[in-house]
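Labels run A, B, C, D, E and F following the written order; every chain starts at residue 1.
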Amino acid sequence: MPTVYVTRRVHFNAAHRLHNARRDDDWNRSTFGPCNNPNWHGHNYVLEVTVAGEPDPETGYVIDLGTLRSIVEERIVRHVDHANLNLDVDFLAGILPSSENLVVAFWNRLEGCLPAGHLHSLKLYETERNFAEYRGE
Amino acid sequence: MPTVYVTRRVHFNAAHRLHNARRDDDWNRSTFGPCNNPNWHGHNYVLEVTVAGEPDPETGYVIDLGTLRSIVEERIVRHVDHANLNLDVDFLAGILPSSENLVVAFWNRLEGCLPAGHLHSLKLYETERNFAEYRGE
Amino acid sequence: MPTVYVTRRVHFNAAHRLHNARRDDDWNRSTFGPCNNPNWHGHNYVLEVTVAGEPDPETGYVIDLGTLRSIVEERIVRHVDHANLNLDVDFLAGILPSSENLVVAFWNRLEGCLPAGHLHSLKLYETERNFAEYRGE
Amino acid sequence: MPTVYVTRRVHFNAAHRLHNARRDDDWNRSTFGPCNNPNWHGHNYVLEVTVAGEPDPETGYVIDLGTLRSIVEERIVRHVDHANLNLDVDFLAGILPSSENLVVAFWNRLEGCLPAGHLHSLKLYETERNFAEYRGE
Amino acid sequence: MPTVYVTRRVHFNAAHRLHNARRDDDWNRSTFGPCNNPNWHGHNYVLEVTVAGEPDPETGYVIDLGTLRSIVEERIVRHVDHANLNLDVDFLAGILPSSENLVVAFWNRLEGCLPAGHLHSLKLYETERNFAEYRGE
Amino acid sequence: MPTVYVTRRVHFNAAHRLHNARRDDDWNRSTFGPCNNPNWHGHNYVLEVTVAGEPDPETGYVIDLGTLRSIVEERIVRHVDHANLNLDVDFLAGILPSSENLVVAFWNRLEGCLPAGHLHSLKLYETERNFAEYRGE
């Protein structure tokens, strides 16, 4: 049976700030530059969720992408959309919200929740020009 | 010698319906929702065909992408463009036209037809937000 | 007070066929080519709805784009999404579903329904390369 | 002599909050919903600046788009990029940062600064699906 | 009868150089910077051709966009695609190939060639961030 | 520790010609068609640079994407932007500038220059429809 990779793309808009609370302000400013602005900045994030598996002979689906969308909305998007990623999101508490750390945290929110197939990769676009991917390895 | 992956993107517009003829109408409606509409709906599909191989020292090509385009047009696009994927396409007869099943069927149409390189992956976008990839595994 | 033009983009997927029932099959085939396929084809349509007006001093809005989205969903999208534009849509009965005719019919569905501002233009993308705009003139 | 419209697109990432300080919190929450989050949210804004004029016979330019970019960077982008639009930007003080109000405020920053041609329109994308345009009328 | 604006988008890849042969090399270098490179540079140009008119009651078309595409290919694209805009194109002889001058020259090639509707605007993208529009005024 | 793949996208505009100087003009014309035009043509190239590694616990970064951008600008973009890839670029001397050969040559320019993480892949878009990827294998 063939293995197919299906992807659902979702969107959210959020504020954040790159800041390491264990280091002083000078270190943070010189390390993160304008991304350290104490008054925050923000992005239109795009998240691509890819699930791998064999198409079900009855439905032709690896996973119903409407179901996948609902899971991603419930586990991730409703928590982070129109939110401050440093202040408002329980499952991001204590996590410096770089794209790298976000995509790993999102993986941990989704990994055990799939009714079919298995999570293959998450790709998070902070902008069209900067993005991060995690494959659970 | 390096292995390079070259991709050609093509487009087609088609109607389809998700429907499993071995199951009754209630099952189909509850499984596929609006995608089961008996009067069809449709998409602007985008197909990315990726071929892997070593660049030819004389041409710098893994495969001439104009040649690759012609093969994809001949083997796939001319059959599915402005077509009904459930009714009009010989090589899709009996196949439930989910993106997963389509991309596997397209692989079978292309796999033996490459004059250079080998088929590495097919990625089929049903919309910008939903897509399926197959790598022949 | 300044006049600002605000736009909301929405999407729908539909099947259609270009066919003039008052003309014979030969005329239809030679006029519309593959777009006349009796088994239909389809598109991922994109509709941009632009409303003009003065920003409200209390809200900064010409119109709440969430409200505009709801109106467009109610008046247009829920009727045409995952539908056959020739068969399934009451307000398109008897209308040849070219992009030009669709965009005028959509205008007539929206024009009287805005709580603030006035309808300025509708732009309908059949594909990324083909689109039609109507400004109510 | 022909009139040509030339456009330069620029980008910035910012945090903001829709909030009218003259109204109470209940009104703000019910009017702006999640956009009223006191902890902010943010966007990847795209701004298109269009200048109209006759091409210079010596250069073929209405305006050197490199010069236009520098003006837009100096007058707008360096103030709003990686900033909080409610707190950090002098020329937005007291302005509710809806897309409509932002695009008018940006017009006032640019209008008198062009060495050639005249400002024709500003188009501000908050997301790919929501945008506002102002033409100085 | 309504006036609808229909657009066809086409693509071409070309080399060019911004250089005014009536001025000396110093002036050209300081005016055009890297765009003056004597060894050329190039772009993936995108041209949007917009035609205005009333939809034909028989076809629903302002103009058949397949016909429009053929006209644009014959009058413009086959001359400029994979060409050097300074050296290879008869109808651009003596024209400094800025986007502004190109879009006016393209207008003159198309204006008298439409079987239905009238030419409303041409929009030429040199890059995603720089573009020029001409409306025949 | 997780391995994350971070990508920075950059752009450059260049002229080139596909031509093998060891073969005669007839062979070159029949092999490369319009891409062999002796007067050159050109593209808006897009290059995606992907680096793999573990996020630094202090910064959340695999590599600072601003640093990565500077390295790619210094090692590649400033040499190829607004340049002729056959004539102007030292590190491309003697290389037939197909996308395949370019992406391998760019890899060799970047591979040893990363302060953190390791180079995972380079993806070069010649157009939206044609692209090549190299993973150092």
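Note that in this section a contact is a pair of C-beta atoms (placed from the backbone, for glycine too) under 8 Å apart; a residue touches a chain by one contact, two chains touch by 3 or more.
Nothing here was measured: the structure is a model prediction, and the numbers come from that model.
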item: Partner chains that chain C and chain F have in common; value: B, E
item: Size of the rotation, in steps of 5 degrees, that lays the CA trace of chain B over chain C; value: 180
item: Matching chain pair for D-E (criterion: over half of the contact pairs shared, by residue number), options A-F, B-C or E-F; value: A-F
item: Same vs different contact residues, chain B with chain F, by half of numbers used; value: different
item: Centroid comparison with chain B (C-alpha atoms), farthest chain; value: D
item: Whole-Å separation of chain centres (CA-atom averages), chain A against chain C; value: 34
item: Chain A-chain B separation of Cα centroids, rounded to whole Å; value: 28
item: Residue list for chain F, restricted to those that touch at least two other chains; value: 128
item: Interchain contacts (touch definition) - all pairs; value: A-B, A-D, A-F, B-C, B-F, C-D, C-E, D-E, E-F
item: Chain D residues within the chain E interface of the complex; value: 2-10, 55, 58-62, 65-66
item: Chain A contact footprint on chain D (complex, rising order); value: 11, 13-16, 34-35, 37, 39-44, 81-84, 87-88, 127-128
item: Chain B residues touching chain A - in the complex, by the definition given at the top; value: 18, 20, 23, 31-33, 96-101, 103-104, 128-137
